[in-house]
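First subunit A sits with subunit B, and in the next complex the same chain sits with subunit C.
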Partner chain A sequence: MTDLLTIDYLRDYLLVGAALFALGMLGFLSRRNLIVMFLSAEMMLQGTALSLIALSRYHGNWNGQVFTIVILTVAACEAAIALALIMILYNRRASLDITLWHELREEAAPAVVPALEEAATAELVEAIEGPETYPSLTPAGLEPEHPIQPWTERRR
Partner chain B sequence: MTTGSLLPTLIIVLGAIGAYLLLPHRHGRTKPRSAHVAGAALTALGFLGFLFSIMEPPSMSKPDGHFYIAATFFYVFSALALGSAVMTIVSRNPIHSALWFAGVVLSSAGLFLLAGAEFLAAGTVIVYAGAIIVMFLFVIMLAQMEGRAMYDRSARSPGTAVFTCFLILWSLVYCLGSLATRPASGGGEVTFEPVPIPAPRLAATYRLADNNSTKIVLDRALRPTSAAQNAQGLEKPDVAGLGESLYTDHLLTVELAGSLLFAALIASIVIANPSRSLRSDDPEFAESNA
Partner chain C sequence: MAGFFVQYVWLIPLFPLLGGLIGGFGATRLRFNAALPLAIGLAASFLFSLGAWMSAGPETTIVVSKWLAAGSFVVPIELRVDGLSTLMVSMVTFVSTLVVIFASGYMAGDPSYPRFFAFVGLFVFSMTGLVLSNNYLLTYAFWEGVGVCSYLLIGFWYARNSAADAAMKAFLVNRLGDIGFAIAIFWLWTIVPNNDLSYTNVLADETLRNLPDSARIGIPLLLFWAATAKSAQLPLYVWLPDAMEGPTPVSALIHAATMVTAGVYLIARSTAMIALAPGVQVLICVIGCATALLAAAIALTQNDLKRVMAYSTVSQLGYMFMALGAGVGGVAQLAVVAAIFHLFTHAFFKALLFLASGSVMHSMGDVIDMRRFGGLRHRLPYTCWTFAIGGLALAGIFPMAGFFSKDEILLALAAAPEAAHAAGASWGWVYGLIYWLALLTAFMTAFYTGRAFFMTFWGPEKLPSPDDPEAPRGDGHVVEGDDPGHGHHHVGEESAPIMTIPLMILAGCAVVVGVLFGSTGWLEHHLEGMFGFEGLGHSEHQFGWGTPILGMVAGLAGIALSYLLYAEPNPAPARLASTFRPLYRASLNKFYVDEIYQWTVMKILWVGAAVLRFLDIEFVERTIVGIATAPRAIGRNALAVYQNGLIQFYAAASAVSIAVLLLFLLFS
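Moving on, here comes the complex of A and B:
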């Protein structure tokens, strides 16, 4: 494959890059797990890198690939710092839920009720049998005494 | 809006409704199985429409009957990348999300290979699939030892997010729709839509001018070390050409990237190390610095 990309191929590459970018943005905006949010941000970077490489091929020039190398570097740095932050946040609240950090707001801004508390105050609905229902066991008797292992005790 | 942009709009709306049905409920309630089935069907429709209508596959066979292997692989890798991307954002289990994201990375590495970027394909697989995914999996296993969590089953304002993201996708598709060599239909006269001119031809045009800023920028970007072909018009080998460009034209970029990695290393150690207190008003600060 020594020839450069044709305009139709370039367009298809850019479309795939755009779709990856939009899907990554959807994941970043809608998911509540910190890890999945950062995975979606990496997916947005991947879509951008794909567009840059296709344009580099179309123009017969290495500059786009050099930009992609810079994107790889930034993604690695971002992942390192993000994972360090996630560990810190997890040690404080014992959860990866992003809505627990809603109080990081300006003082004058109104408080936002986290979706979980909102759901807890809403009336209970009948659980529908489906792929999302989790099995539940009827509690029987008292919970036995068990020693708290050191690696689990920071969860409580 | 012309009729030509009606079909892409319809396809993207189908995909948006499907993605909304597949995303978790806003309050973490269970969705009925019919919502999942309908969401999967609509997403699949939008997905197939995106692949075969919006992307307009080039002819898969040459005039002499031979098969274009590159075009086939392009479609296979694109379908894998987009399908894995959808599964990444709708999976309820973060470990499944991470593994589907590895699928996105591997298939886009295949696309990189098809675009002639062998070094970057290998680098992406090593850096993303080899290092970043494994680190994410470690963090998930550290943080979610109990398995399923409530917040994985609920989404933050999924309706608004779906609307915003698919609006962006629609506008990008709309802008890219004008990039085509297809003759515009009208009056029997064949007129071509405007296409971006490849850089060498653009430079040849601008070199005729004496002194303008575009010429200077183009001359910098199109130095012979940056070009993918040598003076005889032959393809340079990938790693050698990329390295030549990287260490002559972009030397400062390499230095900056190295400094960035070093700064990120130190920053993540400082952030993640809980034993030392960084605030000067903390009584432990005086003890640790005594």
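Moving on, here comes the complex of A and C:
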């Protein structure tokens, strides 16, 4: 690690990192698709990692880089668990919409998305025979369709 | 070798505890052998006590382990092996061994047989711990321990209402006294150096010299308050006669020989401190005298054999307090020796008398009213003669044990006026008066003892029968067939050897301990090994023939009078009773002390409780309920809205919070 970053380079790196982080957070907060939210969370992690690496290079010690490697490992584990969870959730409601899952709210509190109240309390769909289809991403910028897609949608 | 018994002195409390636990937890397997482990444990403890007796020294202490440590306040489990504690512990283990052997026969057939011995084991553990501990706080812990055991054992036949009530009464009255002990400990803690409550520290000359004046009077008063409850003195003696509802071995062990002497022990142990307050000493003496006289007066007319013995115990405890109270100035050493000596001999002969009463009760099918039996001397020869020896010792007839110890108390009382005068006190004449009242008490003691003996064992033979005109009254005590307790054998037969042999051993002790320990000066010599004994005032007392002869004459006169009145069926007692009818009624009804308490203290307490209940419901509860509605309303109306279950809302909330926190950190 002989050639340290100059302050100008550092600034650029940090800007990119911050932008990644901010975009990720924005995505996490605004999108309702579980997979997109997961990807946004990953993006926030990458933004942080980039800042760490840049600062590590700037200061000339390895801590930031080591830390980044740990972050990558954790992110891999998290991806495995999160995707598995998303699979289970999708199988229960046949949709990736996050707002279908708000059972943890206070009972007295009103449902935030009234239209979904009915959907959330609807009977869980039963699994049917045959090869399963897998969830697909909703195109970016489009609102997911409501209420629940019929089960046949999975076979599309 | 000497060091061995001091090193392992902690085994003395441990053996009975283990024996009791084995008997208690092995109840289903052992059943009627449950007394065996306890008896073995007690015998082992007695042997260890004897070993400790040989190696006792005024400064010998041993730290067993640490008990409490809070900052500078440290209470180790420290045992003191000095003259007083070894004497007490030997007496306790010896008497309890014999009582347990007696009880193994007496309680046979009781469905809760193992439970009894588990409780007795726990009791002996607490009692030996009490006398061995070297710390006021540890003593207090064991003091409560014996109180609990007393409660458990009085209420042993808890299905019987009278027993349950008596147990509760004993427990509550004892709590009243324990308050005094607790406050005394708190007070001591604030004034002694290093907050160290060990006897070594509290009773050291240095500490005592620096006591503030208020504590010099107050702490002895509080300690005596505690002693009045535990040792059944006025005004808190009322629980002891009722405690006779427990099984007779319990009455013998706890309510005659050991636990009730804990108060005497406490005062004797603290004599160095109490000697600094002559005013308190004269109060102790007066209360002891009043108790002795009152209890003896009640015992004169009681018809229940165990109740006579109970009041006699109260009276004799009063005697011990008279002795302790007489320890002014130069008499201090003599007084402590006299009190402890009487405690020591009293344990033997009163345990003997109680066990003999139990034996009578056992043979009579649980009838204890003396009017319903009589002339038992041929049917119960062993019981009769052992009772006679115990009675003579209680009456103070030479050469029985009671003679020597009572004589010593009278000597202390006789020497007290002069000593009080020398110490500059103006109340020396009180001791002179008490001396004569003590002699009167001795006369009454001899009389009621003789009365109990002659009514039970002399005269024409008579066994309890349901046709007896006295039978339905029952004196509030056991009615035949009502007893859930021990097994029945044939009415009118002498008890089994397992019960008579302990009686004989105790009778032997009642004869010899006085001569052996008193006249040879052995006991006094042993007590010189008591911590702080050297520092007590002492002066030469020349021996006079006057006091022993007066005491003896009082005893003989009492016995002679009781022989004249009760040995043969005789109309004289009834005539006397009708002549002095108000006095007779008052004595028979225990001078209405219980009723007076019921109408004064209890009423005041009821009113207080009603007021407090009103305040509690109307004010305290309403305030608290009112305050509790506020968080509920806030939570429901303001905060619950934000718990909407949406992950993104939570994420946004935490992002905003962190942003605000960062801004705050950046710009502050």
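Criterion: the second predicted complex is superposed on the first by the 109 of 156 C-alpha atoms of A that agree within 3 Å, B and C clash if a C-alpha of one lies under 4 Å from a C-alpha of the other, contacts with A are read in each partner's own complex, and residues count from 1 in each chain.
Please note the rule applied: a contact is a pair of C-beta atoms (placed from the backbone, for glycine too) under 8 Å apart; a residue touches a chain by one contact, two chains touch by 3 or more.
Treat the numbers as computed from the prediction; the structure is a model and nothing was measured.
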Combined model on subunit A: subunit C and subunit B, fit or clash: fit
First, second, both or neither for A:99, with subunit B first and subunit C second: both
Which of subunit B and subunit C A:25 touches, first, second, both or neither: both
Per-residue touch tally on subunit A - higher for subunit B or for subunit C: B
Which of subunit B and subunit C A:70 touches, first, second, both or neither: first
Minimum distance between Cα atoms of subunit B and subunit C in the superposition (Å): 7
Subunit B and subunit C contact sites that coincide on subunit A, given as residue numbers: 25, 29-30, 32, 98-99
Subunit A residues within the subunit C interface of the complex: 25, 28-30, 32, 37, 98-99, 101-106, 108-112
Residues of subunit B that touch subunit A when the two form their complex: 19, 23-24, 26-33, 36, 50, 54-56, 58, 70, 74, 78, 81-82, 85-86, 88-89, 92, 94, 97-98, 101, 104-105, 108, 111-112, 114-117, 119-120, 123-124, 127-128, 131-132, 135-136, 139-140, 142-145, 148-158, 160-162, 164-166, 168-169, 172-173, 176, 179-181, 195-196, 198-200, 221-222, 226-229, 235, 241-242, 245-246, 249-250, 253, 257, 260-261, 263-265, 267-269, 271-272, 274
Subunit A - residues contacting subunit B, complex: 1-2, 4-16, 18-27, 29-33, 35-36, 38-40, 42-43, 46, 49-50, 53-54, 56-63, 65-66, 68-70, 72-81, 83-88, 90-91, 95-99, 115-116, 118-119, 122, 125, 127-134, 152, 155
Interfacial residue positions of subunit C with respect to subunit A in the complex: 636, 640-649, 651-652, 655
